[in-house]
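You will see chain A twice below: alongside chain B first, and alongside chain C after that.
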Partner chain A sequence: MRTWWPITLYSGVVLLISLSHDPRVPAAVLILILGVAGRRGPRLLLRALITTALFSGLVTLGYVVVALDQGNAPWLWVLRTNLRVLALTTATLLFAALVDPLTLVRSSRWLQTVVVLVLAQITTVRQLVGDARLALLSRSPGRPRLSALIRQGGSIGGALLLKAQRDLTTRTEAMTSRGFFLDADRD
Partner chain B sequence: MLIEIDGLHQAHDQRTALWDISFGLDLGEHVVLLGCNGSGKSTLLRLLNGLIRPDQGTIRYDGTVLDRRSLKNGSFVRRFRREVALLFQDPAAMLFHATVADEIAFGPRQFQLEDPLDRARHWAVEVGVEGLWDRVPAELSRGEQQRVALASLLAIEPRVLLLDEPTASLDPRSTGWLVEFLLDHPATVLTATHNLSLATELGERALVLGEDHQLHYDGDVLALRDDHDVLLRANLIHSHRHRHRRGDVEHRHYHTHDWD
Partner chain C sequence: MHVPDGFIGPRTWLPAAALAGVSTWFALRRIRQTMQAEAIPTLGVITACSFGLMLIAVPLPFGGATVHATGVGLLALRFGVTTAYLAIGLVLALQAFLLGDGGVTSLPVSALCLGLGGPLTAVVTHGLLRRVNERLARFVAGWSATVVAALLTALVLGLQPLVAVDAAGEPLFFPFGWRTVVPALVLPHAVVGVLEGLITVMGLDRWRQEER
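== the complex of A and B ==
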């Protein structure tokens, strides 16, 4: 039962924000989400801001330039869109923190398998990126330079792709070996 | 012979993985597959499990050649997957359920065996993971995952167990448990390892793959311990200088860090 109130709240928030054209709605929803989040609210908001800053900034800049060039006032759109994105991202982060995805799909063993496979990939990626960050720190006399960070970012990207490909092959072989792909009633 | 391998050649990305491998495994035989890293042990186990097909040569399981045709034959594949189980080197690759209970019960359910959950509980107890029953396998330690993966295979009671470095993630107590468990297991067991000290515990017969990916030895595991030529050639032992703490005595002898 504990799973259902975050799902209901999240669905309501998504619908409300998507259907409303009044910027006060996403603003009010954002305040509501932060209220529900309690003490973790400021941290969630910061994470949402970091996550969306680059993308939203570029889209906003492009829109403002085009709108001003055409003689339109872009500010209402800018306020509404950015508040929407921020409120939706914060709501999603809060939802992810509140709900265990495995509990969410408890009714279907097949869906649970899909979620487990996705979570396993996320765990692997998180571990590899974390290890790489620590390895760079350990090999740097001081704070790593931007050029080193960029070089390492590229190298991690390549390593992740290779690892994902190898992991996928091994996992598929393991599932084949255990008879996963044989015809059978899975649920 | 339960399994017969004849003139097996295999390459990955134009690099040789196995070269002209031939041997057989009898029903109930316990054999150790020794070789250094990259010698082709895992590839050989994957071939024996019908997961990849050989470039050249044949593999027969109970008289049937493992080829494209047989591995597309539904009833044969079903029987083969039930009877031949492979424990992967990375146990995490084998675990894809939300609880240990479902993970172990998966095989019995898939092969429609009676009372899958009872079977799962029995093997969870046997392997010592009953305390992890409701946990998410992906979140367990590597040693725990190894045990859960093993229980998942044992729950379908296979005729052949192919084990790829099964002690690599286990602590000494768990390793001792595995050795004792396999000692009286009725299945045909082929255990790949580079741990020489365990070789004599895990089988009566040894197969040694060399760095050239060829089979350098097929015979008694105890006799292998004294065959330094084979062990050196296969990069299973090494020699290096020893400096004693007292005095200035130095000497050199064959060495393996895991040899009891």
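== the complex of A and C ==
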């Protein structure tokens, strides 16, 4: 019960912001979200701004230029869209901060296991890619050339495929030996 | 191609969510039927692999921007469309929820365009061209997967001013039509697709070498 209220509230907020076209609605919701977020509010807002800045900025700039060129006032669209984007992204970031991603797939034990496996391996994969990048930099006296970067990209891609293939066998055997799939039909 | 929340209207994302939900259900059922015990580790490991492939960034020759691979071609040619779709969909969901990268309302559209459209294109083009030349087929598979995914996303974005306008005729969500958004998204991805194609060829070469 306790885990369902943020999911219901978040879904309601997403629908409310998506279906309403009055800029005051996302503005009010954004203020509410920042109030609920408390001290982490400014950080969430900054993260939302950073992650959406490129796409929103380019579309807004393009629309303002086109609308002004055609003699239309673009400001209502600019206000409405950017407030909606910010409110929805901040709501998602707050939701992710409050809710463990595993609770989202709680209804399926099968999916929950998949998500645990993914989250556990993401750190290793990230480290593998980071190490490969550092290795290339340390071997290059100057800035690596584009051809070297592409070759390295292909090499990491192949290494990741191979790692995935080997991990598959290891993990399936490890999970089977622990009796994991004996009750796989139940979900 | 991470479209943030707020640019795709509910008239588009709600049906897309239903379609993505149904296709995910079918894909999960298929993967569980064909793989049984290995289905869980397969999905877990390939999703982590897909996440890793998306971390491969190549700086653009001009300016300080970087582009990252999607790994769509590699995943589709190595593990098949169903596994690639589920893995890419799961990665997009984790990126949207955990990092705020890409919107939650645009997630079904991204999953269908990049996760389903991309791998399907890669497998079909590879199947058509493999008799001509295997490496050329892999390159075109990687390139076309990126371009088709971008084209599908552009078509969805360009649809917005047609289906969602206010009483004054002003757009409510994404403001540009197909004539603007299709070239704006497809042309850069046609260039990025070359990198994706090369990474697909080299990645599969490296995997084959290590396999021997």
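Observations, loosely collected:
Just so it is clear, the second predicted complex is superposed on the first by the 118 of 187 C-alpha atoms of A that agree within 3 Å, B and C clash if a C-alpha of one lies under 4 Å from a C-alpha of the other, contacts with A are read in each partner's own complex, and residues count from 1 in each chain.
Everything that follows uses one rule, which is that a residue touches a chain if its C-beta (ideal position, glycine included) is under 8 Å from a C-beta of that chain, and two chains touch if they have at least 3 such contacts.
Computed from a prediction, not measured in an experiment: that's the story for all the values here.
By the document's definition of touching, of the two partners only chain C reaches A:L76; chain B does not. When the two structures are aligned on the shared chain, A:T51 is found in touch with chain C, with no touch to chain B. By the touch criterion defined above, A:V129 reaches chain C but does not reach chain B.
In the superposition on chain A, A:L102 makes contact with chain B only, not with chain C. Applying the stated contact rule after C-alpha superposition, one finds that A:V85 touches chain C and leaves chain B untouched. In the superposition on chain A, contact of A:Q112 is made with chain B only, not with chain C.
More residues of chain A are in touch with C than with the other of chain B and chain C. When the two complexes are overlaid on their common chain A, residue A:L16 makes contact with neither chain B nor chain C. Judged by the touch definition given at the top, the superposed model places A:A27 against neither chain B nor chain C. Touch criterion met: A:S177 reaches chain B, while chain C stays clear of it. On chain A, the surface touched by chain B in one complex and the surface touched by chain C in the other have residues 113, 115-117, 119, 167, 171, 175-176, 180, 184 in common. Chain B meets chain A in the complex at residues 46, 49, 51-52, 74, 77-78, 81-82, 85-86, 88, 90, 92-98, 102, 106-107, 109-112, 136-138, 152-153.
Residues of chain A touching chain B in their complex: 102, 106, 109, 112-113, 115-117, 119-120, 123, 167, 170-171, 173-180, 182-184. Per the touch definition, chain C reaches chain A in the complex via residues 2-7, 9-10, 13, 32, 36-38, 40-49, 51-53, 55-56, 58-59, 61, 69, 71, 74, 78, 90, 94, 96-101, 103-105, 166, 170-176, 180, 195, 198-207, 209-211. Chain A makes touch with chain C in their complex at residues 14-15, 17-19, 21, 47-48, 51-52, 55-56, 59, 62-63, 66, 72, 76-77, 80-81, 84-85, 87-89, 92-93, 95-96, 101, 104, 110, 113-119, 121-122, 124-126, 128-129, 146, 149-151, 153-165, 167-168, 171-172, 175-176, 180-181, 184.
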